Every structure is written in C-alpha cells, then in structure tokens.
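Notes follow once the structure below has been shown.
Order of writing sets the chain letters: A, B, C and D. Residues in each chain are counted from 1.
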Amino acid sequence: MAGFDKRVSSLEEAMAGIESGMTVIAGGFGLCGIPENLIGEIQRRGVKDLSVYSNNCGVDGFGLGLLLEDRQISTIYASYVGENALFEQQMLEGDIEVVLTPQGTLAEKMRAGGAGIPAFYTATGYGTPIGEGKEVREFNGRHYILEESVVGDFAIVKGWKADRYGNVVYRDTARNFNPLAATAGKITVVEVEEIVEPGELTPDQVHTPGIYVDRIIQGSFEKRIEKRTVHQG
Amino acid sequence: MALTREQMARRVARELEDGFYVNLGIGIPTLVANYVPDDIDVMLQSENGLLGMGRFPTEEEVDPDMINAGKQTVTARPGAAIFSSAESFAMIRGGHVDLTVLGAFEVDQNGNIASWMIPGKLIKGMGGAMDLVAGAENIICTMTHASKHGESKLLESCSLPLTGAGCINRVLTDLAYLEIENGAFVLKERAPGVSVEEIKDKTAGKLIVPEHVPEMVFAD
Amino acid sequence: MAGFDKRVSSLEEAMAGIESGMTVIAGGFGLCGIPENLIGEIQRRGVKDLSVYSNNCGVDGFGLGLLLEDRQISTIYASYVGENALFEQQMLEGDIEVVLTPQGTLAEKMRAGGAGIPAFYTATGYGTPIGEGKEVREFNGRHYILEESVVGDFAIVKGWKADRYGNVVYRDTARNFNPLAATAGKITVVEVEEIVEPGELTPDQVHTPGIYVDRIIQGSFEKRIEKRTVHQG
Amino acid sequence: MALTREQMARRVARELEDGFYVNLGIGIPTLVANYVPDDIDVMLQSENGLLGMGRFPTEEEVDPDMINAGKQTVTARPGAAIFSSAESFAMIRGGHVDLTVLGAFEVDQNGNIASWMIPGKLIKGMGGAMDLVAGAENIICTMTHASKHGESKLLESCSLPLTGAGCINRVLTDLAYLEIENGAFVLKERAPGVSVEEIKDKTAGKLIVPEHVPEMVFAD
C-alpha cells in the first residue's frame, strides 16, 4: 500500500521541489489555521520570487510575514493587508506586487482551479477598480466580471487530523481557505496535528478527500491568537 | 446631538427581523449584535466560515481555532454551522444573507460605496466587503455623516475607489437615517436634536427632505 | 425563535406555493437519496409544465418517474435517461423535452446557481453536440465552453438528519446532488429521516448550513434499491 | 482468438500503478477491479460521490444509501471518503483522477470518442462520461474491435455524436491494444492468436503497424 501512504517525516521532505519563482497557494485566515511549519520551511530554504495566493499575509514576524522579512514574495494575491506594517511598507515602496482580490473571488479562484473550471463570472468587483480591464458580461440584466482561476505549483495547508491516504478534517474556523487551497496545488502538502489510522475518519465527515493530497506531515503549532477577545462576567 | 456609536448600533438593530441571517462588518456594525431585540432571533454569519456566531469566549473557552472575520476569538451558538471560505462566499454571493451592515468612507446618491482604500494613504484591502455588497440585496451602511473637518461623506459621486456600484440603499449616519432612491438621499429620520438644516449642510449629494422628518427616539 | 424554526408538519405545507410552469431542482442519484415524499406531493397536486433539473428521472412508477406518468414534466435537464422506459418513450415522441447535460456540468450548474455565479467555463462537452451553440473560449491553450448556472423556484432535497434551523447532514452516497440542489432553490424543502435538537449536529460536520433551507419535514422512506448486488461468499 | 471480457479486464489491469486513483465505467471496465495485481493498491472513484469503493456488500451489509455510479450496492473501504456530486466532478474535471477506463461505441484516429447515443435508436445519456474524458489525461477505452456485423469501431472519423474530442490515446479491444499518436492508431499488442492481418482488416482508421507486434500473454 506504499502508493497511498502520503506521510513524510521531515519538513524538508514535505517541501521538496519548491523553487524560486513558483506559485504557492496557502490556507489560513489571519493567523488562524495557517501552515506554520511549512511556511517556516519555505523561509529556511530561502527560495525567492514566489507568487503567493493567501487571504492575508500574516503579521510582522509570524505566518507569511516571515517570508516578507526575507523578501521571498514578489507577488501576493490577497484580500486584506491590514495589520502588517512590513507588508504595507513593501507594498507602498513597490518591493512587492500586491494584487488585492476580493475574499470571495480569491476563494472561488482556488476552488475553480482545483475543479478544472478555468474562469467564472461574478458580480463582485463590477464597477470598481477590481473590474478594470476585465471582461464584463450581462446575465439576466445584471453585470458580472470574468475572473480566472488559479492552480499553484504548491499548496500549503493546515489540517487538524489526517490519515495516511491524505483524507483531512479541519477544526472549527481553522478550516477557512484550507480545503480550497488543498484542491489547487499541483503538489499539495498538508500539515496536521494528528495522523490517525485509515478508517478513523468517518467517510461522510472527511473535508478534503485524499485524492487532492500529496504529502502529509504531523507537526506542532503555536496557534498565535491575533485578537484575544473575552466575555466579561 | 449626534448619535453615539451605541445609539447608531441600536438604531440599526431596529431593522433586524426575526429569522434574519445577518453579516456585521467591523466597527459599529459589530455592536449591533448587542442590541438585538429580546423577542426576535437573528443568526450571525462571519465570512471566514461560521454561521451562528455566539458571544465572546470566557478565558477558559478561548480557542485559537475559533475566530470571526474580525479575527476576534468567538464562540459558536447551538445550531451553528462551520464551513470553508468558498461555501461562506457562496452564501454571500448567492444572496442568502438577509442583511449586511458595514461601514464606509463615502456613499453617493447612486448607491455607490467606497470603503476599502484611500489612494496613497491607506490600503487595507477589501476583505469580504466587495462580495458582501455585490451579494446582499439588503445593506445598511453605517458611517459618520461628515469627516472631522466637516466634509460630507454623503456625496453626489464617490471620490474614492469604489467597493461596489449602485448597491447601497440605506445609510445610517450619526445624524440621520436615509434611504437612497432614484439618485437621491431621502431623509427618513433625524438624530435627536439634530436639525434638518444641519443635515442639509453636511450632505453634499442630492437630498430630498420630506415634509415631516421624525426624530429618532431612544427609550433610555 | 420562531423565525428559525423551519419545521413543517405536513407535505402540503412543505410544498406550498408550487405552481405549474415552475422550475424544480431535485437531489438524488438514480433512486438513491431521492426526496420520495416531496415528489409524491408534487404528483398529488397535479401541477403541470414543470422544468426539472435532476441527474436521473427515476424509474417507471417510482421517484420522478411518477411525474412522468401524469405528464407533469415538460422539460428535464438530466445526464442519464436509461432504465426508464416511459421516459425514453416520451422523449422519442417529443412529449417531453430532454436537455441532456453532462453530470458534472449539471452538478456545477446547481452549485454555481446557489453561489451567485451566473456562468462558468468547462472543457466538458467541447467538440460534442453539448457544446453546439455555446460560446467557446481558450484558456492556456485548451478549449472550454460557457455554461450558465441555474436557480430553481423550488429545490427538493433528501437529507438524513436536520435540526430545526435547517442544518442538514446526508448519509453515505445518498448525499450526491442533494447539497447542491439545497443551495439552488428560491424555496428549498428538505425531507429527512430524523429531526434532531439544535446542537446535536457538530458544526464542523454540517453538510448543508441552515441558511440555504426554508422548510424541513420528517418523513419515512421506501429507499428502493435499483441494482441489488451482493458479495458471494 | 479474440479476448474474453475477463481477459480484456486483465489486460487493462496491467496499466494500473500503485497509488492510482481510478474511475471505472460500466461493463468491462468494472471487471478491472477484480484483477488489480496483489502487490499494488489502487483507489476506486465512483462519480456519484465515493472515493475508496470496496467490494459488493454481503446480504447483511446491503444499504440503499451506499451505491456506486452504476447504481449497484457497494461498500466503502477503510480510508474512503464520501462527498457531493459537485466535489466528485471537481476531482474529475480538475484532473485529479489518475486513470479512467470506459467503454465506447466508436473511437477515431484523432482520439475522438463516441459512447453516449445512437441517433434514433438509443439515448441513454452521457452520465459522467463527458466530464471523465474531458478531465482525465489518462484514459483507456475498452470496446470490441468491430461490430457483430464486422464493421470497424476504430475509425478515421467517428460517425456518432461525440462524447469528447481528441481525448483518447489508448484503446483496448478484444483483438488488440493500440495507442493513438499523431492521427493514427499504433498497434502495440495483439490478442493471442490474432493476426496483424485480421486487425488491419477490422481497423477502418489509419493503422500503423510496427515491425514487431508482440502477442499478449495471459499466465493461466
């Protein structure tokens, strides 16, 4: 059954093959559900000129923010760049190209890329700078713009549990972009908190079927909280 | 007197209906959750993938895997559902959310909204706002009526890059509640003690003032 | 909490508002996971001239086959019409318009309709009769055709368990088209085997979030098996 | 001797590789599952929403909620995943399935395939076949080389409505295994005892016959 055993035992093996100039699709929303250790491995390798698709770009010194420090990212497709001073600075200074992309369009670009849909129409962004230069078409009296999908050389994903076949479940809102990213990588690498035996995940409850996943690695996670808000009383 | 942030949230909360699925943006919109009338129930959608957002967690409940779109730690209420970002925006884009409340820098008399960037000054990104304004049929925009320098934010035509075109039809400011109809702001209610004259002064876009403009009433 | 209690107590109430000439989107694959009782109610009401989107059209005397008997369907969008003699006959005689639609395209039409995507490109059907009259576009050197999405006046869905908020889980391969159909109805009606208390369904495991669902009804099901195949020994 | 259905399935099974995700169509392709070599493991995808299809159920295991795309009752193997039709075709359309095996009425030298209708005679519908041939890079077509009346099914140009254009590159018939390259069928293997002459006779499309065409060997 070696052919379906997708477990790898080192981060080096997990990110083997990543090279400068590649496109990387990353799961996570803010600092929630981000592939911390895979990002760390990309930093360690020092590959440059990456194109990254990710909703956010981490914070200074954590998450994808690490790759900004070493100027490893040349272009990022993201919906939100707030809360990251270095990011804002690199953007304003033109060191990094930021393609601001509406969050739902970003999610759908990944999903469609994984699903063999090269392009789709959405009303999101019509009449705004996001729609400029894009084809506009009317359906049922409403205007939509054409958006193309994306497939990455690598997708880096954070899951909760996985089996060796690469079936993955996510925990709570740490799911976010992860299942979409998982479908959209030529090589999809998933790091999880726990690897379980095949059969432990109920087939009905698998969030990412193993067919999308190439490598699985177990890791430990800091899970930094961006805004700790608590109920008083 | 201009409305406080809390009063603005309370006024918006009156637009809620029993059984509404509601997406609340960051800032004043978030406060609306505190003023849901007792006799109705609404379900909060958070675009990072949570339907049925609950209160903030206690210290013991804090969980880094459970946040809202504002990245705050939250809880899920019984009957909540959690899903991917693609599913979340399927709901939003597909028009399944009943009400969206969000802030803005500018709104104009044609229902255009600008809320995501000030060229050369501030680039935070649009997050989910462009999807929300494109997907919801029912949007309330909350904002101060004018800037600190007295410049109107209710314009003939937005000067900043748009978040959405022709999508806003209700605006609640600290001075008034207005609806946008046929290329004009229609003044529906005034903040307590705020004159129609002041609202006129601070509205750069076309303003229609009905004969009677009631004052908002806040019980306490 | 009346506003979120989507339970109805009769089939009559469940299908209230359905009229002749409407578009109905139905879940199910073959006879597996079909909304048996909602179909029965449509038959009882005798509404005519329905446009139906469903992968199959049941068999003679069961499932959507019931609506063929009374000639209630004028147009059906389906991927497979085999195993239904009456269907084939009505189609060949021109009593019913059959728009044969590739299975994946049919699924994506429903998903996209529910997700506010009015149209998408797919390679499926390019160069075949399915692509005739449709826009062809090249992306990255490959040809794709434009397919439009669908939203129905009603969606009829078969779930396993649901809570009163309309959160639904499906069982095994009875899931099939059901979650897609559920997103694509102006009025979505779900019949389930069991209604559970809010909180009993783990949020992470909900297949159809309640926001898509308008009415929930509990029913009992025949669950007819189309091809009973057993392991010998 | 022409291959039996079982021999055809056995020959196709040799194309399986360890770790392949495979979609098997109805008919001969289904039989391939019986001949997976012992030293490899493949995962069967069924387009109604099952990855990791197992054997048929025992009488006690029969469950109307667990079927395959051929509507047969099946089981799931440990490590299976179940999903919606949209997700299933995301896999297929997105090129995630490693090998698709399906039957056909006709194939032509340009890789076109016709498998879903015979005008005026038979309209079953394409089911998932159009998605499968559009999505897979690796397709094996299984079919008899000629009709009962001796008419070739390997044509210069398909006469029936197409299922997919230019997508087939491997064909296993009861007489031969062929690959489609540059607008021609290339004869790679013969069924035991079948002459190159017979294959030539029954191939209407352009056929390239290499100097040596090995005979298939079946151990038992």
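Here is the rule we go by: a residue touches a chain if its C-beta (ideal position, glycine included) is under 8 Å from a C-beta of that chain, and two chains touch if they have at least 3 such contacts.
Quick caveat, the model's predicted, so the values are computed rather than measured.
S.K.: If you take the chains that touch chain A and keep only those that also touch chain B, what is left?
M.R.: C
S.K.: Using C-alpha centres only, name the chain that sits farthest from chain B.
M.R.: Greatest centre separation from chain B goes to chain D.
S.K.: For the pairs A-D and C-D, output the one whose chains share more C-beta pairs in contact.
M.R.: Between C-D and A-D, contacts are more numerous in C-D.
S.K.: Quick one: report the Å distance separating chain B from chain D, using the average Cα coordinate of each chain.
M.R.: Chain centroid spacing, chain B to chain D, equals 56 Å.
S.K.: Using Cα averages as centroids, what's the distance between chain A and chain C in whole Å?
M.R.: Computed from C-alpha means, the inter-chain centre distance equals 32 Å.
S.K.: Centre to centre, by mean C-alpha position, how many angstrom separate chain A and chain D?
M.R.: 35
S.K.: Rounded to a whole Å, what is the gap between the Cα centroids of chain C and chain D?
M.R.: 29
S.K.: For chain A, which residues are shared contacts with two or more other chains?
M.R.: 108, 111, 115-117, 122-123, 171-172, 175, 203-204
S.K.: So which bits of chain D are touching at least two other chains?
M.R.: Only 50, 76, 82-83, 89, 92-93, 134-135 qualify.
S.K.: Just say which it is for the chain contacts: an open line, a closed ring, a star, complete, or other.
M.R.: other
S.K.: Sort out which chains touch which and give me every pair.
M.R.: After working through each pair, the chains in contact turn out to be A-B, A-C, A-D, B-C, C-D.
S.K.: Which stretch or stretches of chain A touch chain C in the complex?
M.R.: 108, 112, 115-123, 137, 139-140, 142, 144, 148, 169-172, 175, 203-205
S.K.: Would you tell me which residues of chain B are touching chain A in their complex?
M.R.: My answer: residues 46-50, 55-59, 61-74, 76, 82-86, 88-89, 92-93, 112, 117, 123-131, 134-135, 161-166.
S.K.: Would you mind writing out the residues of chain A in touch with chain D in their complex?
M.R.: My answer: residues 1-4, 111, 113-117, 163-165, 167, 183, 198-199, 201, 203-204, 206, 209-212.
S.K.: In their complex, what parts of chain C are in touch with chain D?
M.R.: 29-33, 55, 78-83, 88, 91-92, 98, 100, 102-108, 110-111, 122-130, 160, 171-180, 207, 223-231
S.K.: Mind pulling up the chain B residues that touch chain C in the complex?
M.R.: Answer in residue numbers: 17-21, 40-43, 45, 50-52, 76, 78-83, 87, 89-97, 134-135.
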